[in-house]
Structures are given as structure tokens and as C-alpha cells.
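Shared chain: chain A. Partners: chain B in the first complex, chain C in the second.
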Partner chain A sequence: MGTRQKQDLTIFNDNSVICPQLLDSKIFHPFTGLITSVEGTSPIWLINTLIEELLFGKCRLNSSVSSHHHNTSLSKKLDRQVTYISLSNNLSYYSYYFKKLTSIDLTTQQDRFQFINCFDDLFTKILKDGDISEESVVKNLFETHILKNIAPSNNRIIFIDGLEFLVSASNVKPITMVKFLHNLQKSCQGLFLISSVDEELIDFAENNDRLIEHRITQFYSYMIHKSNFVVNARPLSTGRADDISGNLRISKGMVGLDWLLKHPQPNNLQVLEKEYLFLVKKDFTVDLFYK
Partner chain B sequence: MSFQRKNKVLGRPGGASGPAPNRIVPGRTPNLPGRIPNVGLVPGRSPNPLLSNSRAISNRRPVGGTVAPSHPQTTTTTTTATTESETIEDHTSQQNPSIKPSIITSQPTISTGTSDIDKLILHGGLPVGTSLLLEETGSTDYSSILLKFFAAQGIVHNRIEDPNLKNTTNCHVIVIGGGNVASWVKELPGVYKGSRKELKKKKIRENESKLSVQNIINNQEPANPTTTNSVNPNLKIAWRYGLSNSKNSDASADAKDFMNLTYPYYNNTFDITTRLIPGPRPQEITFLPVPFPGSPNKPEKSQMIALYKQIESVVKNQLETRDQQGKSVNNKIIRIILPNLLNPSTYHPSYFQTSEILPFLQSLKSLVMKYSNNLTLISSISTDLFSLNLDHGSSTIGSSASMMKTSLVKLLESQFHSILQLDPFNEQLLKLLEASYKNQPTKIQQGFINVAKIYNVSDKGMMCIKMNEYAFRNGRRNFEVGEWSIPVEEEDDGKKNKSEGNQTSKKNEEIFGTSKSTTKNIDF
Partner chain C sequence: MNSDTLIIDRSLSLKDQSPFIIIQDSFAQSSRFLVDEIIYKSASVISHKIYLSFETFSKPPFINEEKDLFVDCLGLDGDTDQGLAKILIPIKEFMRKIIPNSQLSHFNESPKITTNASIVETLANSTSSDSKILIIIDTLNYLEGHQISKFAADLMRIHPNFVILSTLHSSIPESGSSNPYYPSKSNLLTYIATTIFDISFHHPNNSNGDASDFDDEYLHDQYYKKFMVPQGLNRPQSNQIKLSKFKKSGKKIELQFLLDSQTHEFSLYDPDAALQARESAVVVEGDESLLKDLSTFNLSTSDKQKQARNQVELPYLDAQKFQDGGAIVYQFEKDDDYDEEDPYEDPF
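Now for the complex of A and B:
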């Protein structure tokens, strides 16, 4: 595998990770991207790459970007803001890995990076006394803790990590979550949903809405129907290998990009469906190869 | 060249030429009249002034450390050693002696009480501020042994008798479980003291050191006081063959020895046939029972959240505890143990709902990460309790009931940083192993130990899922983990015919499935 040529990560047909046009609120409505993974193969390197791309316009993952270019791009301040909402980890977790990958401390980027911690004290302080009723989740978590802390901006991109946890840990219905996401989208230009999808949790044959599989499957169906593109990272189906960590698949979501256009005009922007093999090395550098 | 060889003394380290020093033979008096008195570095051995190459001896450390150094070179060595030991002392006195930096991230780690498990989770121990889940299939209870080792290790760390260590309360253990936890605590294993032979020898030595008329007579018996009775008698002959050098190798110790020297209290070996005596004191261990739903009227809507708050308050109290000198003991390690998670004998059926157990585990995970310098969590779960399909290896897809149970385990897994799976061998495989290792019973392993998730490594996205690569064996002395290899059945006599060989391969196919039957029978 070492002899194969390393490839750049591109999601759109203009060879970009995130197309600048898509971030223009005058041309497009807010987009939605879905990043899925399985337990044991975290896509933190991909999330960090996307954040880096959004904040600095370049990402270290792509081989065409030399360290010199990267450093110059740091001085170039893009007028973008990233808000990260997490139900699965705290800020120190993300900043640790972001620093490992990019050598940039996220905590120093307070003017451009906002972290909303929904992980610590979720069931003790945010949802007082462990009140997991739907009303409590909507009022205390969605409205008070998240939406009130985000100022609407056309330059904002929101990442939300681990929302599926609420489906199993609380009484909130999947459709209520979709409503919340719709409200969240009003305060940004782009939304990335990061979710862990394991085979054991999905059962399309299950109709009993009291069972957790049904609710989780329903939630994922809604997410796919809401997204414009899906990026899925999972380990090799053939088992562990020393020179490959997993498979990265980019596919179109259920909502076409042309649906997001504000004014009917010819636009060729498309999601490039393709598959990569990825290798995460010990020093946290990542190599991508076409499959 | 041949003349030189004749002068060489066999077995002398360094191969120094010259006349042989006084040899100590048991029953012979080494100091004969007219010989030089015995004032050498090695008791019972005199430095010969005729010795042309004195360097060989000057570089040696005094055995037993009773004789003052006479050479300046030796003095320098001793000073260096002292400086090193001072550094180690300072290091250990400043921080908890039960902590060692992780091999991967350099963050503090603690021993799980099983050195092979420490190695398996790659960090050299369990990183502080993280959690570990032990999943087990089948009706065995190996995970419970591992949890007891984990708890016992914490208790032993509290009993380190080292005057250089200021803090005596290095660890606290919190056990969360049902009514039988008190007996669980009483069954904590004791530290392994040695084999029966070693124990007998130790007993004899202890008896000899006691003040009794017989011992005094025995001690006075030797006519010459220069004999080496005071020194370890084993060294009488050992030094001649260079065996004692292994004890002197401090400066040239390899990395492993260095780690052992730097972190001497990091881990212990436990003996499951003995008990930890004295048992854990209330200051060392806290037992929190799983509440019965709806028993006391508490403000919390969930009883599991009420339990979490209890744990949180114990943690806060422990970290606020001050030592005898009134100093805050902030470097204390708290080991939280959740044995038999969701076992129906302990947990009410209502806790099996994801909306009950997940908030509890999520809060615990958050607590462990919050106190990332003090807390660790370990838990065990029997996955067979959540699967209706008892036939191993067959697919569970299609049965909604079994799917539901599996999804619960999957959701629980998401709340732990590292996951190990214990999968004991089935009867057929055990029989095959017993047949293969008839003459080597210590080689018989008892099950697979799979790696599903490793803290930091899995988080980076590196693939670390290792299935059926390692196997474990639970012995009296330790819990061994080794690489798994398919056993080759050894025949006692070479007259066994080919048909039996075919039967063996068929047996292998039944056990491992077609893909794994790589055993070949070779006819000689």
C-alpha cells in the first residue's frame, strides 16, 4: 500500500472538501452533511479536517497543501465561525486531537470556534434531576442550552455530535429531534451531523415503536432524508490490516444540491460519489487511497 | 596463546588473568596462616596484591553492601547510585507510587492488577480518567477475577511500607453492586508470595533468624569469623559462576529493569488461592448498593441518577480528604468498580431500559473524564444475558428479541473508552487442547480475549479490533494472556494411522469452522 499514490480528500465535483459556493448564503440554502461511523473506528480525523478546512480554507490532510501554505493560510482569517455541539465528549477531547492533527489549539480560536458542552452534567444539571421526558429535553437542552447560545449567522457552520444518544437515553421522539435540527439550521449556513451507526442498532423490519431499534432506525432514516451528502467511515469488512485502517465512502444524500439553490440558475455543483481506503498512522497522520 | 589460556581462571567474570583468588569451599577455612587477611570487597575473598588486573574487582559492587568502598572509582559509582536513588525518591514522593506514564500518550496510568492485561490495553496500564468494559460470553466468570485483581491492586497500593513516601492513602476503591458485594470484597486475592519451595525456604530462614538457644549455638559454631555465613549462603558458589552479577546490574539495567526500579510499586502479582489479609478497611473501600426502584422517596426521578450522585459525593469526599499532616491528598486514585453490570440478581428489570441505564453510565463517563487525574472505572457484563440465541457463532439476525438484547450491549459499549471481550473456549476445543498439551498442562489456554476498543487508539480512528488473536489462561499465580495458535495434536506413538489424523482435522473443522482449519497431519 505504501507504493500507491496518496490521494486528496474531495467531496464535491469542483475538487473541494467544502465548496465555497455552498457556504455562500446568497446562492444556497443551508446544507446538511451526515458523517457516520461505527464503534471502535472514530472519524475524529475527518471531523478535524472539516473544521480545519472551514476555519482556514485548507486542510493538512490533502497532499497538495504543504506546511508552508498551511501556515500562510492560518494568517488569512476567513470570515467563518464553527460551532461544535457535543453529547459524547468534552472540549479537551476535541482540542487534544485537533492539536495532534493540525498543531493548532482550538481553545485559542475563541472568536471563531464555539463549543457547546452537552456532555458534562447532562443528566444532573442540564436535565435537572435526570428528567428525561420529552418536554424537559426540548426546553432545557434544545432551547435553553443550545439554541439560546447560538447567535444566528450566515457564516456559521454547526457540527452536532452524538445526537442519536438522546433517542436511546431519553423519551424524546425522533421527529422532535428533526424539528430541533430544523430550528438549528436557521442559525447557520451548514450543518454536520456526526453519528455512530452500528449494524446491531438498525432493523428496518421492526415496527414496534416501543423498541429502541425502531426508534433508532427511524432517526437514521430521517437523517438520511435530510442530508445532502453522507460520509461513512468504517473498518475493513475483511478484518484488521496493518496497512489499512478502514473504508471511507462518500455518497449523495436524499436531498439534491440543486434543491438548495435560492434562485433557479444553472449550477453544476455535485457530490462526487466515491470510496477511499484510509490509513491512520501512529503519529495521527492520515493517508487516503482511491478504492 | 595456549600459555595464556592455562593461566586463565575459569568462570571469572571479565576473564582477568593472574593467580586465582582464595576460593571458598564449604567446610574449608579460607584464611590459612600466612595468608593475607580477608579485607576484600567480596566477603570471603581477599584482594590479592599480586593481581595484575585490579580493575575487574574494583568495578564490582560489594556484595551485601557491608564493606566500605576502598577505591575511589567505587566511591564514584556509589555516589552516582545515590543520586539516582534520590531522584527516584523525589519523584515517587511527589506523586502517587501507583502511577506510571502511558507508553502511548504519557498520561498517568494505573495497573489493572494483571500485568498481561496492562500490556494488552497498549498503554501499559489503564489510563487515569478512562474506563474499561470487560464483556464475557458463556456461563464462566473470569471477568470477576479480573475485577478482584483490580480492586486488590488498589488496596495493596495503600499498604506500601516505604518511609520515603509521604502519602499513605494512595488509592480508594468504590464498588457498586448488590447484596453479595460484601462477600465479593472478602474474596479479594492476596499478593503472591512465591512457590511452595520458596515459601518453605523463607520459613526456614525466618526460623533461623529467631533468637533461640539452638540458633545461637549454630551461629557460634564456625571457628573462623571470616566465613560468609552472614552473607546470603546462595552466593557462596554463585559468585564464582557469575550468577551473582544479575543482582549487581543496576547501572547496566535494561529498560524493563529501569521501569521496575522507577516504579517499584506499580503492580503486584496476586494469588487467587489466598485472601488479602487484613481485609480492606472502610477507609480503603466504599460499597454502594444498587437502589431498588421506588424504595426511598428521593427528589431524583431516576434511582440510577440518585446512585450516581452518591458516587459523585464519595469521590468529592475522598479527594477532599487530608493526610495526617493536613495536606490535601489530590493525587489519590479512585478505582470505581461496577461488577456484573445489569445482572438480574443485582439490577431490577426496570434498569434494563436504555433510558435508565444509559444516563447513569453517561454520567459516570463524564465524571471519570472530569476528574481525569484521579478516577478510573472498570465494569464487567455477561453478554449472554442479553442474547436469546445461545448457539455461539450462528447468526442472530432475524429475531427481533435477540436483536434488541444485542443493541442494548452495543449502546452500553459506547459509554466506555476501552473494551475487552472474554470468550471462553467451548468443550470441544478444550478437549482438543488437553489432548494436544498432555505433557504441558500450563500451555492449555481457556478462552479468547478479544480487543474491541482501546482508548486513544480507537479514538484516532486506527483499527485496533483484534478478534481471536489472543487467548487467556487463568492460573493460580496469574492471569496470563498469550498469542493464540491452533494446537497441533501430538500423538504418543508414531503408529497412529492416517484415519485418526483425518478425524483430528475433521474435529478441527467442527471447532474452528472451515476457514480456520489449518492444522496439517504429517506422516513420518
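Now for the complex of A and C:
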């Protein structure tokens, strides 16, 4: 792979990772992006890149300068808030990798980075007495623990990671989770759904709503039909390789960006469909190559 | 314009009497392109639009702030029976607003109108306008089968000029009903709907025999097994649509067409002919490519030669003209020695 040229990550046709126009609430309604991965191909580097891009307006992944110089170039602060809700890890996990990637400590960015931990105490404190009924999840987790702690803002971008875990760990229905996402999106200008896909559980032929296969497949499908763009991170289909960690595919979602426009005006912003190969190196930096 | 294209054109511009239209789409090609096209083509017959949204709370750009109505149905718990009743309230209020002043005053003068049913009746009777009101429902997937039929009936009772345009995503699995004999949503909708548009992805190069990675098997494998979204889907120029129209007489009309929602042009589509063309194109291309650059002689066949070859009537085609099974067709030649008295000589 050494001879191949390293590429920048772009999601939109203006060659941006996150188009500034899309973050402008005067032009666009809130967007929905879906990031899926499978076990063994963690998209943590991609999540950190997106957070970095949102908070600092540029990311190290797309920078050709050395990390020392880059640190200073990141000093520009934007008036954006990032809220990260996680059901799969705690803050120390994300901040560890964020620091490796950017040399910046996320825990010192509390004025604009909010972390809502739904991982550590989910079945002990958040869902009191381990009550996994739908009413308990809606009231204690969705409303009290998450929605009440997020102040609505047009400058806010929300990431929610591992929501599909509730499909198997509680009695909440997929449609109730979609309703929660619907309400969550009202507090922000953009929502990133980060989901781990277990291919063994995908079964479109099953219609028994007591079975996890049906519930999880229905949840994934609802999410994809809501999304404006989809990013799939998968391992190589040919097996493990030393010089490639996985495959990253960026595709359009079911809802075109033109439907997000607040006013009927011509706008050429589109999702730039691309497929990359990515390599996560030992120092946690990442190289991208066109496929 | 022939009768088929006229039917398609009238269906897209909502000039036909068809109050309940369903669009069935999938992850590969969204119904939104067709909704855009119908709104564009029906602009002259539609006076107002009502957008009932379950998938988003964002008002689409074609919904005018003053003229049209947007209802965030999921925000009103529209997936429940109580929520569905709540959705009807803003629609009725909106109808009160848009009724012309004279009719509205007539409505206000009536002191006895207090119940919803009587309001509905008065509104229905008070309008004489021919213009239609388009109700767009972004998805019916969030409703149960029995809720759909009741909701559609409740909407239709509000105003006789309502045209409901609703999407059902076929790539979202449906939960089984508590009654195992109750029909699935797509089955049920074939009874309720007056027009059904079945929309699928049409690869622009299909007619050239280049199915590339977009054949059904590939798409199926990517989405239904891996939950990955292939690239190149959901294009405005890739609408392959099957139109099913149900007439009052019980007659069903089925037509297939391709639609480019960017240029607003459509053309009839024959999937069998397209498949045949694709297969023959593949065979011919395969033969020709083998002969190419093989020698200095011209081994390829020109279009004129191919046409002449196709026109040659082969002897076995004559044999197929007999309807009573197999037959031997024998043409005597001048050197044949035929003995009329020999029974074994007769080829028949």
C-alpha cells in the first residue's frame, strides 16, 4: 500500500467532512447521519474525526502537516456544541482515543463537549432496580437521563452510540426508540446514529415481534429510512491484512438533502458517494485510500 | 400520446378520480422523487397540500408556510389510536381556515355545530370548488394494518376533494398481526388503494447490457443480509415504476414506465423486451469480441448482414405451422425417384 496516495475524507460534494451550510439552521433543517460498523471494525477514529471537525473546523486526518503544527492550527474555536450519548462505552474510552488522534483532552472541553454516560450505571442507577420495561426505559433513560440534560440549540450536534443495545437488553419497541430519536433531533441541528450491526441477527423474513431478529432488523430499517447519508465501516471481505484495516463506504440515505432545505431554493449540496480503504496505524492515526 | 401514456400522464397529474394513491418503494429507490414529480405535475389541480409526517419533523421545501399545512405526526404519538385522532384536529382547523369566506360565514352562522362529525359534514357540503387538496403521508409503516384503513376513512370523511398520496416502504419488515388471518399491509392496501405506484431502481445502463453491480442479487445481499447501502442508488433519473390502477368497474390496468424526475419526462417500459435486448446484446457482444483482432480478414457481421440473416426463413419454421403435433415436410426435388405404388415410399 506504500505506493498508494493517501486521501482526504470527504462526505459532501463541496469536499467537506461536514458541510458548514448543513450546520446552518437558517438554510437546512436538522440532518441525520448513520454510521454502521461490525464487531472488530470499530469506527472510533471516524467518530473522533467528526467531533474534531465539528469543534475545530478541521481534522488531523485531512491535514498533511505534522501533529505539532496541527495542534496550533486547531486552536480556532467554533460556536458549536457536541453532545455524545453512549450506551456502549464511557468517556475515558472516547477521550483516550481522541487524545491519541488529536493530542487534545476532551475532558477539558466541557464548555462545548457534553458526554452523557448511559453505559456505566444503566441497569443499576438509571433504570432503577434494573427495570427493563418500556415505561421505565422511556421515563428513566430517554426522558430523565437524556432529554432533560440537553438544552435545545441550533449549534448542537448530537451523537448517539449503541442505541440498538436496548433492543436486546430491554423490552422497548423499535418504534419507541425511533420516537425518542425524533424528539432528540428537535434539540439539535444534526444527529449521528452510530450503530453496530450484527449480521447474524438481520432477518427480514421474520415477523414475530417477540424475537430479537425481527426487532433489530426493524430498528435498523427505520434508521436507514430516516437518514440523509450512511457510512458503513466493514472489515475486508478477503480477510485480515497487515496494510488495510477495513473498508469505508459513504452512500446517500433515503432522504435527499434537498428535502432538508428550509426554503425552495436551488442548492447543489449532495452526498459524495465514495468507497475508501482505511488503515489504522499503531499510533492510532489513520490513512485513507480510494478503493 | 397514446392511451397508455395518457393514463400515466393523467395519473401523475392527478387528473383522474383516484382518491387514495399508494407508492411502494424500497431502500434502492425512494418514493420522494415520485412525490416531487406528482407535486410538480399536479400544480394546476391542487389548491393546498397537507403533509403528514411520521419520519421527520422538518417541513419539506414544497410546503408553503401560508397555503399548506405540515403535521408532525410522530410528535403527536401518531402510531397510537389516540395519536391518530389528534392528527385529525389540525387538519380540520386548517380546513376551516381555507374555506372561502362566504362558505366560512355560512359555517359560523350555524350555532348547532359542536361535534366533530357535524363540522366535518358541514365542511364537506359547503365546498363547491373542483380543486383538490393533496394529503401526503411520508410513510404508513408506523401504523398497524387496522389503523391504516380507519385513518384513511377518517381523512376521506373530512373533505370529498382530498387526494391521499402515501408511501409504504417495502424494505422495512412488518410485525405480524395478533390475528394470523389479518392481511399484511401491502395486501390490505391493494384493496383500499385506487392507484398503486410500485417504484424500483432502474440502472441507467441496463439497456446496454451493463447490469454491473446493481443486479437484484447484489442489492439483496448488500441490504437484506449485511445492512449496507450500495452506492449509486436513489437517483432522480432512475425511477422504474409499475402503475396499477383500479377502476370502479373492477378492471385493473397495469403499466410500466421509466421516469426522470429531473427532466419530468417519462417513457413506457417493457421489462420482457428489455431483458431480451439485454441478453441478446450480451451474446452478440460476446461473439464479436472473440473475433476482434483475431485476423486481418473481416470476421464480424455488420448490422445490415444481421438483419438479412434474421429474415431468412428456415425450414423448421414451416413445420411449426402444423397444429396437430409433429409433421414431416418434404419437398421433392427433380432427381427424386418417387414410386406412387410403394406404400413405404410415402413420407407422410
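One rule holds for everything that comes next: the second predicted complex is superposed on the first by the 280 of 291 C-alpha atoms of A that agree within 3 Å, B and C clash if a C-alpha of one lies under 4 Å from a C-alpha of the other, contacts with A are read in each partner's own complex, and residues count from 1 in each chain.
Everything that follows uses one rule, which is that a contact is a pair of C-beta atoms (placed from the backbone, for glycine too) under 8 Å apart; a residue touches a chain by one contact, two chains touch by 3 or more.
Just so it is clear, the structure is predicted and the values come from calculations on it, not from any experiment.
With the two structures aligned on chain A, chain B fits next to chain C without clashing. Of the two partner chains, neither chain B nor chain C is touched by A:Gln7.
Contacts of A:Glu206 after superposition: both chain B and chain C are touched. Once the two complexes are laid over each other on the shared chain, residue contacts for A:Gln270 go to neither chain B nor chain C.
In the superposition on chain A, A:Gln109 contacts neither chain B nor chain C.
Using the contact criterion defined above for the overlaid structures, shared-chain residue A:Asp120 touches chain B, although it does not reach chain C. In the overlay built on the shared chain, the residue A:Ser153 is in contact with neither chain B nor chain C. Once chain A of one complex is fitted onto chain A of the other, the partner contacts of A:Asn140 are absent, as it touches neither chain B nor chain C.
In the superposition on chain A, A:Ser25 makes contact with neither chain B nor chain C.
Judged by the touch definition given at the top, the superposed model places A:Pro43 against chain B, while chain C stays out of reach. Minimum Cα separation between chain B and chain C in the superposed model: 10 Å. Residue overlap on chain A between the chain B contacts of one complex and the chain C contacts of the other covers 206, 208. Residues of chain B that touch chain A in their complex: 299-302, 304-305, 308-309, 312, 354-355, 358-360, 362-363, 366, 369-370, 372, 400, 403-404, 406-411, 413-414, 419, 452-453, 458-467.
Within the complex, the chain A residues that touch chain B are 39-46, 88-90, 92-93, 97, 100, 119-124, 129-132, 165, 168-171, 196, 198, 200-201, 203, 205-206, 208, 211-213, 216, 233, 235-236, 239-241, 244-246, 278, 280-282, 284, 286. Looking at the complex, you find that chain C touches chain A at residues 27, 30, 32, 55-62, 74-75, 77, 79, 139, 141-142, 169, 171-176, 224-234. Across the complex, chain A meets chain C through its residues 29-30, 36, 175, 178-179, 182-183, 185-186, 197, 199, 202, 204, 206-209, 214, 217-218, 220-222, 224-226, 230, 232, 234, 249-256, 258-265, 273-275.
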